[in-house]
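Shared between the two complexes below is chain A, which pairs with chain B and chain C, respectively.
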Partner chain A sequence: MKRRSLPVMVSLCAASALALTACGQAGQGGGSGDGPIELTMWTHSAGNPAELEVYDKIITDFNASQDEYEVVEEAFPQGAYNDAITAAAAANDLPCLLDMDGPIMPNWAWAGYIQPLDLPASITDELLPTAVGTYQDEIYSAGYWDAALSIFARKSVLDANGIRIPTVDEPWTIDEFDAALATLQSAGYATPLDIGAEDTGEWWSYAYSPMLQSAGGDEIDRDSMLSADGALNGPEAVDFFTWFQNAFKKGWTSSAGTIGNQEFVDDEVALSYTGVWNALASIEAVGDDLLILPPPDFGTGPKIGGGSWQWGISSSCNSPEGARAYLEFSFKDEYLAEFADKQIVIPATAGAEAQSLHFKEGGDLRPFVELSQKFALARPETPAYPVISSTFEKAAKDIMNGADVQSTLDGAVQEIDANIESNDGYGF
Partner chain B sequence: MTTLTRNISEVRRSNLGERQLRRRRRTWTYLAMAALAAFFLFPLVFMFVSSLKPDGQILSDSDSIRAFLPVGDISLDNYAGVFDRVPVAQFMFNSIFVTVSIVGLGLVVNSMCGFALSRLQWKGRGLVLALIIATLIIPFETIAVPMVYWVSKLPTLVFEDGLLKYDFGWLNTYQVQIIPFVANAFSIFLFTQYFSTIPKSIDEAARIDGAGWFTIYRRIIVPLSGPAFATVAILTFLPAWNSYLWPLMVVQQEELRPVMVGMQYFFQLNTAWGEVMAYTSMITLPVLVVFLAFQRAFVSSVAASGVKG
Partner chain C sequence: MLQTTTHSAVAVSAAPTVPPSEKTGRTARARRRSNPAVRRERRAGLAMAAPAALLLILFLIIPVLLAFGLSFSNARLISPNPPRLVGIDNFLRAFSDPVFLRSTLNTFVFAAVVVPVQAGLGLLLAVLVNQKIRGVTAFRVIFFIPVVTSIVVVSILWKFMYQPDGLINSFIDSITFGAWQGTAWLNDPNTALGAIIVLSIWQAVGFHMLIWLSGLQTIPEELYEAARMDGASSWQQFANVTWPGLRSTMVFVLVTITIAALGLFVQIDVMTQGGPVNSTSTLVYQAVRKGYREQEIGYGAAISLIFFVLVLIVSVVQRYLTRDKED
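This part shows the complex of A and B:
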């Protein structure tokens, strides 16, 4: 049996090899070279129909507007997106156009995944500063929108407890904020403030590092981008994290809730430190009683995190000029306004703000525009940011759980500095 | 007579006592088993029940017994939401196709390898078996990235302009989700071990009757190794169905993604918990069906192999 089947198999293999030799390689000769150049585009928006709807519209309009390029979109779920990009980079299979979360941009630029954006200044100059991603003085990414955090409260609750309503020009001082929390706790709110500490990952750096910056500290020395020493473990940082630890100790806030804004909607907490994306649902639930307040001033003025999802062009893009043509086309006020209203995020241009239902002058979500313009601060634009962010989260969680503040911050500084040093300063 | 009556009544009493004791013991055993069954069923019940509730109610019910009861605002809205957000049928087809292929091909390839290692006499088979077993200590995550690079360079056949052509790169294909997982060191080890327990004299008798090695494998060894095949099928099915990291890295087109990657679609800025529960209910169903269909084989195979998932 073996002897009979062997020649058959050899013949089959030989025939297959001959057949393959007779065939050409795909993409070589006889191809459709006359058609438009295909521009692959990856987004993190899978599972988000509202966002995809706007992208589909922009792509359809762009493809119909010319016949030189054709944009083909592929959507990934957000939680898996960065891993997919890393794997594609390893296989040299990155798409032409890709979106990225603002703070990861310097790392991808440093790793060679993306190239300078080179969009006309007439476009980038019009955008919110935090919607433009800069690394080593070059613009690598630009976004249609930004997000903003604020403190949600009920006017009736603050009035009933004699608590002053803060404004953008006169935010709560940290002493006022502490007094308000103590008053609300006495008034029956077991945990008066929801700061989202049950969440994980980038949220910790995005939400709490602005408080640290407001107190005078930071995640890294932004002048050199080479060390966190003094910024993350200096006296200002120790003061802030001591407050942070005490807020949990005193029961002013907790990490036991559920992610999202449900506790505020259910009036289980009086104040909620949350984002613009939760505003519409809160307005629906609370109505005119809802207040959108600036975060407290920890010493150097309130701060909120800036820099969200933005667009870039990969280094391996076969037609960067086509990718630029698409991006230039896409940064139209009408698209940005539609995106902002569907996704409930702040449009990146003044023109789009004016066209937006929610964010125009007098719009129900207009306060977020003011918060963003006045208090937004981008996270450190360094390739070390992923390490900084994860180290910050770990240290802040340890402190929340009762660890010694100074030694925990010293350990975090050591970890960040060691990473920067082992990567030769990441080009700084 | 009086003594006899007394003895009979004592025996009756003692039998009655034993029966009562046995009954009581059985009652306690059943109670303990019921409690354990309820304990293990709670997550599944919570999942199915929550899939029928709106997000707000899932959270508000979560700290009471209501979390396990289909009460309140019950509807199939979350299931409708799942279909709006995720191409469920496509993902389900992909997972079934990939899983069935891996299991089917894996049974053939690994059993033949186990047969060669346990029944055929050739130099170095001990060393080969040791090397295969040694690969078990390498976690998949450590070789995932080099594997992505490797599969992106592999040759493949494509139809272009009506012609069969060759190209390079397996990314975005079904085969990249199947082929790397067909040969499996643990399956080979299980087959080798099981085949070794079948007396070699059977081979010799078959050889005398003129059977070749393939005939011996197909006609004798395979029919005698049902439990081994069941074990390997089940142990291959579960990781193939639950596969997440690899398809995430090598499949960029939505139409080729499996169900587990679809889970991530629900984790946006605010998580749609009701839809998460509806989706997990839907993708758990095939696993439950397979488990219930092969319940006996599963339990006996776990006992036989000393391995549990």
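This part shows the complex of A and C:
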């Protein structure tokens, strides 16, 4: 027994190692025999049954429609998704098809994870501009939908306090917005605005950098993409962040509370700056009283973040033609409309909009389409974006907690510029 | 986990009692007597150590060497550009980076408070639960529960408790009859690190209580009997019997708390992400933020290397201060 056990153990180890290697080769599966070519596909949608349901349907339909390719789906939780992609890329083991959050696409394209999409222009031209990911004049990703942020309010509350109801053509100016918050505070709302500051991560750049852009600043100088100097620490940026800091200091908003829109549903806050994905629950709770309003104009017109999750093809894909065939198949208005209604996001084509229950002309969530068309602005399309976003979040949080505005922004600019420089300008 | 700690604690306290000469002498004699048997045994020993050694080399030695190499380059986690050597640029950058300097300060402030308080509190609890009274096991279990709870879970729960309208502030409000209002503990640069110190001590003190307890139980009862016959008070018994008997336990407790405290990461990552205004950023957190989240693996490696050297210095100083003076 004693003498036999070592060889047995070694062979067991070898066998399991072989098995693991075999499983690990995600991107390279199948293709050699008579069977269909296997196309692996990763999504970030684990834990989101509504979204997965539509993907399942598309994949089943696609696999049944032809016998050359077979799409195999694997879902990851969103929190671990980018790490999984980075690790898979380091191990040269990327799936064929992968989805990605819009602003990270340039980084992955620059790093060589993904290849140009090469979908027919007839498909990509139909899509909302913010649902198409372009980097260095090449399309690398395309999405079925976009999201939009707005300010939720109750009509009865605004009327009772004599606050003008803003429109897309005539949004609140920042002075009006300040006055409204002060009025609502004295009307008994301890913190009148839920701005979502309890959230962390990409939300900060997604939600608050459009406010900065509305004020005339930006996260980086978009002409050169080489420096944040003047954009993130110029006088406009300082003005905006001073407003941001004061909003917390005066108690107009706070970083306490829970992520999501529950405070608004419970009428603990009068205004809520949040996304289309929370709209249906609010409509159910508030009914006709709900107003979907544009965000305030900080100086150069309201802005909201554009660019949601989109699909791309990895550069190590064993059959880019197959991946392309699947994507072409999937961009059908009926699927896009189904995503829109199940997940509550804005469909990316006009055709899907017309088919969507919520987003068609006169639908209850139609205002979001208008907001997205008029105000959506993509986050800077540069490979430096992950660093910009992380630095922006840290600086904004520090300012929220009372740090000196100018020196904090100068520090953030220095950090971003040092990073860009150490990457030789990221190819710009 | 519980078992391992008890074992290592016993091993630490028992080690000095085995005369080293006797041990080596016995092996030497054995080697002379039956060479083939010993050789086979040694081979078996190597085979048994191999998996552990392999894993250590793979996950400890190689990463340390890699970190050393990377820290002199501008390597990136994701980049089409090949890394190139940049000399000591990363280290110069670290020492002119205010966030890094603040992180270093925070790390040492955290350790300077946590090490004595947690060790002292652990000893106090150990002495308390070492009494021979009914129900003492229940207390031991209660003090130990936070240790077996995941630190991530603990951090999330305490994050809720520290909120402006959380449990802690309601408690303060009730016991002072509204005279004193708590603040948003984690959002105020003046209180955030303190709040994390309190939670960290609460979470880990049970572990060190257990180690102190195992040390206490190795002290023979006769010594206390003798002390009592000499008319020693409880304090004199503690100072002259208990404390000297706990010496090697104390060294172990101090070293483990120091290393754990310097490596503070999870609480920061879950609760404050280094904020507000860098008041809770630590060296390990900063290394992860720079090296992984912002993908500057070269700079992250440089921070890790500095951290490694600092911990090494602290450990050597500690070892020197707690050395056995008779040796």
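Note that in this section the second predicted complex is superposed on the first by the 396 of 428 C-alpha atoms of A that agree within 3 Å, B and C clash if a C-alpha of one lies under 4 Å from a C-alpha of the other, contacts with A are read in each partner's own complex, and residues count from 1 in each chain.
Definition applied: a residue touches a chain if its C-beta (ideal position, glycine included) is under 8 Å from a C-beta of that chain, and two chains touch if they have at least 3 such contacts.
Since this is a predicted model, take the numbers as computed values, not measurements.
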### Task
Considering only the touch criterion stated at the top, classify A:88 as touching first (chain B), second (chain C), both, or neither.
first
### Task
Would you sort A:278 into first (chain B), second (chain C), both or neither based on which partner it touches?
first
### Touched partner set for A:423, first chain B, second chain C, both or neither
second
### Message
With both structures fitted on chain A, tell me whether chain B or chain C touches more of chain A's residues.
### Response
B
### Message
In the overlaid three-chain picture, which partner chain does A:235 touch, first (chain B) or second (chain C), both, or neither?
### Response
neither
### Task
Check whether A:120 is in contact with chain B, with chain C, with both or with neither, and answer first, second, both or neither.
neither
### Query
Of the two partner chains, chain B (first) and chain C (second), which one does A:266 touch, if any: first, second, both, or neither?
first
### Summary
Going through chain A, the residues touched by chain B and also by chain C turn out to be 86, 90
### In the complex, chain A residues that touch chain C
6, 86, 89-90, 107-108, 110-113, 200, 254-256, 386-387, 390-391, 394, 397-398, 400-403, 408, 411, 418-419, 422-424
### Query
For chain C, which residues are in contact with chain A within the complex?
47, 74, 76-81, 93, 98, 163-165, 184, 187-189, 273-278, 289, 293-296, 299
#### Entry: chain A-facing residues of chain B, complex
55-56, 59-60, 62, 84-86, 144-145, 148-149, 151-152, 157-158, 160-161, 163-167, 169, 171, 212-215, 245, 248-250, 252-254, 261-271
## Note on the structure
chain A residues touching chain B in their complex are 1-2, 19-20, 23-27, 30-32, 42, 46-49, 74-80, 83-84, 86-88, 90-93, 95, 258-262, 265-266, 275, 277-278
